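Several structures are given next for inspection.
The two complexes that follow have subunit A in common; it is paired with subunit B in the first and with subunit C in the second.
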Partner chain A sequence: MKRLMALVVVFVSFGMVSAQTELSLWYHGAGNQVERDILVGIIDDFNASQSDWQVVLEEFPQQAYNESIVAAALSGTLPDIIDVDGPVMPNWAWSGYMQPLNLSEASLEGFLPGAIGMWDGEVYSVGLWDAAVAMFARRSVLEANNIRIPSLEEPWSFEEFDAALETLQATGEFDYALDLGMAWTGEWYPYAFSPLLQSFGGDLIDRSSYATAEGFLNGEEAVAFGNWWQSLFDRGLVPGTSQDGADRDTGFIDGKYALQWNGNWAALAALEAFGDELLFLPAPDFGNGSTIGAASWQFGVSANSEHADGANAFIEFALQDKYLAAFTEGIGLIPATASAAAMTENYSEGGPLEVFFELSEAQALIRPPTPGYVVMALVFEKALADIANGADVQDTLDAAVDEINADIENNSGYGF
Partner chain B sequence: MAGGMKTKTVRGRNYWVYIVLRYALLLIVALIFIFPLIFMLVSSLKPDLQLLRDSGSLRAFVPYGDISFDNYLAAFRRVPLARFMFNSVFVTAVTLAFTLVLCSLAGFAFGILKWPGKNIVLAVIVATLIIPFDTISVPLLLIVNELPMIGREGFKMGWLDTYHVQIVPFIADAFTIFLFTQYFRDLPREIIEAARIDGASWLQIYRRVIVPISGPVFATAAILKFLAMYNQYLWPLMTSQKEEFRPVMVGVQYFFQLNVAWGEIMAYLSFITIPVLVFYLFLQRAFIESIASSGVKG
Partner chain C sequence: MQNALTSRPARPRSLQKRQEAIAGWLMAAPVIVLLTVFVIAPFFFAIYFSFTNQRLISPNPTEFVGLRNYQRMLNMRFFSLDPVSDATGNPVLNEEGNYSYPRLRTFTRDNPDYPQLDGLREYTSWQVGKKRLYLLVNDVVFIKALFNTIFFVLVVAPLQGGLALLLALLINQRLPGINIFRTIYFMPVVISMVVIAMLWRFIYDGNNGLLNSLLSFISIGRFEPQDWLGNPSLAMGALIAMSVWQAVGFHMIIWLAGLQTIPGVLYEAASTEGANGWQKFRHVTWPGLRNTAVFILIIITMQAFGLFIQVDVMTSGGPLDSTQSLVYQAYVRGFQKQDIAGGSAISVLLFLIVISISIFQAYVTRERRTR
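Presenting the complex of A and B:
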């Protein structure tokens, strides 16, 4: 009788397991063991929590992830759940790779705006974390040079910031007053530098229509930004486009740079080097408020998923505070909710990185949520590099506008 | 007598000056070529901070400080290296075997046989050399995605996530066919005519006469094809959605995280360079012979 019962239990268990429908999940974090372990933990918890779905993970290296998604879309083999970089999401949604999420209303309550991916009035993706940049500085350096320590409420003004750079450079103690991270090409440029343009009053595109960059990327404010940008290099205040990647990684810690414009992912290494002396300062206000970039990797559902309900169920399951906190503790990024931040050592009240959560909450502005962003990001990167290397500011920005507008026109306005 | 001795001494000095200069020049050239390899190997033994600090100076080439094999261990933990290495070597070896047979047969047909229109056909094949692979990768992806196959899961449509999708499209290539054609064209016709008089078929001539005397061109084609296949990145990336089919070059990307693990990258690269060096050293003599005789450069 016992044997029969055991057989029945095994049979029923097997039946339950085999009844689970498989959901494929593609993730960009191959090679990141910590991230992988956390994600696998969430998947295991989800698979064990219900009997309808079984999520199967397939990992890709980040540098090759977007190409893999595009290839899969071409061949009609997209998985059910994909993760997507926030600013790229509108392009994938517009291209028909993704479908809107169908989450419960409560599930996104309290999320940082940058962690929610909106397109065409609907939520297409949601992130478990966000990222933020700040001005890394050493208290003793600022105090020794009588430079005011700015706050979130009272950031440096344009004049104040520029004067601080001149003062720091004049000390002769540093190779450069500021490290902008010119060695980090690619998405770093629009992510880190377009907020500076926005603070001047310009932008990558007209956000009211998303139809043109005319007057925004080459208007008076944008040109003022471009002139100031070029002057940073002309005056020798920042390293140029030929900056060594090694200097970018260690220059601030080695004392070559007085200030560094960097992301929260680099904060722990700097904290280790300088401890309490280290300050994470808000972006300067160049006239139109302090602004930093927002939106990191997020989860979404592919357009051709036949199991969208299961995919949505997994994403909603993953949005629990404990998982948000786990990712933060594991890889140092900013948890998407205040309640999750409170569960972490670094981002909780009084934690060494708490300021990044505040910065994200107060200053974050997502990169233009339009399918054309992927093109304007490349154009903007090239324009900034050219201006840094001495190109005429107005001509360069005009050419960038022409290129962006031509792309919008070639794609029939990207649906706007 | 004295004059003769003086001349001999002067000649001797010139000779030694010439030797020293020649070897100095060769040494400099050799160092230029070997420096990246030394940098890679030495860096693979250093922790990231030290590696980055040393990278702007000659210390980058000196194994000093906190050196260890930690980067190798970490790299092996991060990437399924054994699987990736097997995939690369397997795909490369199988492609190479098919390429050498098929392309040499094609070269034989173009270089030795006489048939109407062969120059036009050869011109068309050679013309494909100007088309970059990136241009045809998308249409090719759409084609292979519609091809039938029988695999572990039975009959299905689409070749994605297989080994043969990484092999079949690269078996025949214009450059290798052209290489064989050129080499075979320069072979003495008398040998072939003698074999024909002895009653040998064309296939027998290929197998018994041509192949045995064509070692250098086979070695050259093998090395160039090996490098091209072993360094494949875009196509395997597009067609290998599952990790179990990815090659070593895709694995390099596993190390580019938010904070790049440079030491591990150097360790990984040092390791995956081994098959290339071994293969080249194995065929080095024939490769150089082929370059010297035909002027073909890789």
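Presenting the complex of A and C:
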């Protein structure tokens, strides 16, 4: 693993005179040239803008990134600036890998809440972008079947949505009425599906104490969600856990699925295929409001950095609207501020993806900010897969609660 | 030697011996160091961690917890329930005409009358008269992984060994082009298991996978396409078939080596005495392969207990835990769920299982030799 890391690690230096103190920055996006170019651009600008600090970039492939950080933390060789996935941040902050940010008050003004990583009452990380999920649909398909087109103010109700799925399936034009993305195992499950559970009134954990999942993940509302979830598969409305990854990527565009629950990163490809026909609809309201997940990759400062002031200076520098807009234009992410959104083609007023910014602003709910989230996410993923495959709903959710609670107990409450 | 003694002043023999010993140790040193650092030390660490609450990352200090990790995995008890009955004491039948029983969770979750059942879950249950007898376990996933792994070994060991012997007999002939067949059978062994697992995922695909297309072609469309990896009753079988296919070539080569040590004279003698093909195999080939057979059995058993990559790449233990395995669970707990202690406890149990089987197999071998 280490040798592999050494191979992919890319050292970027700009031949600056060594009067500047070096700051190391680790980033998860190795292999993405566009992303790299934008980041290197920011680093270049920062290094040229002042004479105290020089940021040096090292890139990792995403699959190996978290493990590399853990290994570096164990051996005490963390970089000054680290890149962290939003829901994982509390785990690293609690473990003592990260220190709170020290940014000027104005720098976070107008940021989407999902782009700001809070733990223990302090800001530990901040993102230049956020991501959002929407129901991809085609106007003509909905209109042909007399299905109301929902709005942010008036999303589909539970009954309306379920009836729509039945109607679309009954047309016989599609393999499945809805594609949930069961092929995307991993973080997609808690990110995309736990908001549905929250809309039913359940949750992964008691967000007032973060001490127990009892009654939240296995309460009445959660069981109602589980029963509905299972019925989607029983009725053949959605593809199951063995869905082919390629179908997930192209099934909606190929017309195999009538609706698709997907993220803004997939929006451009669908837009190309359907143009104005394409709709990005808000999450249905299952009784407790519509919610979607929030928080993507963010920047933070490592705990043992000797140059925290320099690291903070870089992060603050990177939070300029023009850089936010650059990432958006480059890889289709949602810019973290409205002013940056206005600078982009897709997210500015009237832009084809503007709706994602509105969704993020109106409905985003971050995944539980607790160090235990890492385990919770895995437990929830397995529970959803098992229920989809026909396991008893109540027993499965009970088992998930027990596992989450045992983990919290094993970790002496994770500092709450 | 004599030359050396006469032409040069002889070194004291003890010094020379000591130098040889030092050279020997020096040459062995790289291996000894690597084995110590990467095999022996982690082994003892695992035993130690399994008695603690060690986490992968945590600011909390590690605490000694005794046997708690093992108790959580192995705790099990039997429990029987009476059918639900009406006011007169007659059992109520449900729509299908079966007895109905109260929900287990009313006994196993926070029921002060049954503290011994707290947190337990149903592994399996049987009908005994009017009663329902449950086997309750604390860690259903672990128990499933344990029995899945044992099942995997019990099927794979004879199947893979037998198939390999069959192939070895087939290719142990002097025919033109036989090396081509040897290469073909051996090919999967030299390809990375990860690559093979990825390829077989396409073969087993439920919609338009190769296997479904092939079977439906052979049966002229009468075969119903199966979701091989998505069906709990088929997934384990699918993994077994693929695993046997992958490793059979390796054991075929070992059988082949064994076959070629049997002197041709024995076959000639058998032919002279009028033995037929089966008799030759039964009384010449098989006795000659006995040691090879023992070796192959032990190797396959150990490899099969290490079932991991197929599960990780193809099914992630699902659907419904039908393909969980011990090593996969040790990995999931130790690294994904950051519970090094739990993962270590599984590894230690696996070690105990494998070493007992090896001792048993060694015992059986010794018996045969003295006969």
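One rule holds in what follows: the second predicted complex is superposed on the first by the 400 of 416 C-alpha atoms of A that agree within 3 Å, B and C clash if a C-alpha of one lies under 4 Å from a C-alpha of the other, contacts with A are read in each partner's own complex, and residues count from 1 in each chain.
Simple rule for what comes next: a contact is a pair of C-beta atoms (placed from the backbone, for glycine too) under 8 Å apart; a residue touches a chain by one contact, two chains touch by 3 or more.
Since the structure is predicted, the reported quantities are computational estimates derived from the model, not experimental observations.
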Name the contact category of A:345: first (subunit B only), second (subunit C only), both, or neither. neither
I'd like to know which partner A:185 touches here: subunit B for first, subunit C for second, both or neither. second
Is A:120 in contact with subunit B, with subunit C, with both, or with neither (first, second, both, neither)? neither
For A:244, select first, second, both or neither according to whether it touches subunit B, subunit C, the two together, or no partner. both
Between subunit B (first) and subunit C (second), which, if any, makes contact with A:74: first, second, both or neither? both
Examine A:309 and indicate which partner it touches, taking first as subunit B and second as subunit C; both and neither are also allowed. neither
Considering only touches as defined above, state whether A:63 meets subunit B (first), subunit C (second), both or neither. first
Based on the superposed arrangement, let me know which partner A:234 touches: subunit B (first), subunit C (second), both, or neither? neither
So the subunit A residues that subunit B and subunit C both touch are 74, 244, 247
Write out the stretch or stretches of subunit C touching subunit A in their complex. 53, 55-60, 72, 103-105, 109, 119, 121-122, 140, 205-207, 227, 229-230, 232, 316, 318-321, 332, 336-339
Contact set on subunit B toward subunit A in their complex: 49, 51-53, 55-56, 77-79, 138, 141-142, 145, 158, 160, 234, 237-239, 241-243, 250-251, 253-260
How about subunit A: which of its residues touch subunit C in the complex? 70, 73-74, 91, 94-97, 185, 240-242, 244, 247, 374-375, 378, 382, 385-386, 389-391, 394-395, 398-399, 402, 406-407, 410-412, 415
Subunit B contact footprint on subunit A (complex, rising order): 26, 29-33, 58-59, 61-64, 67-68, 71-72, 74-77, 244-247, 249-250, 254, 263, 265-266, 269, 331
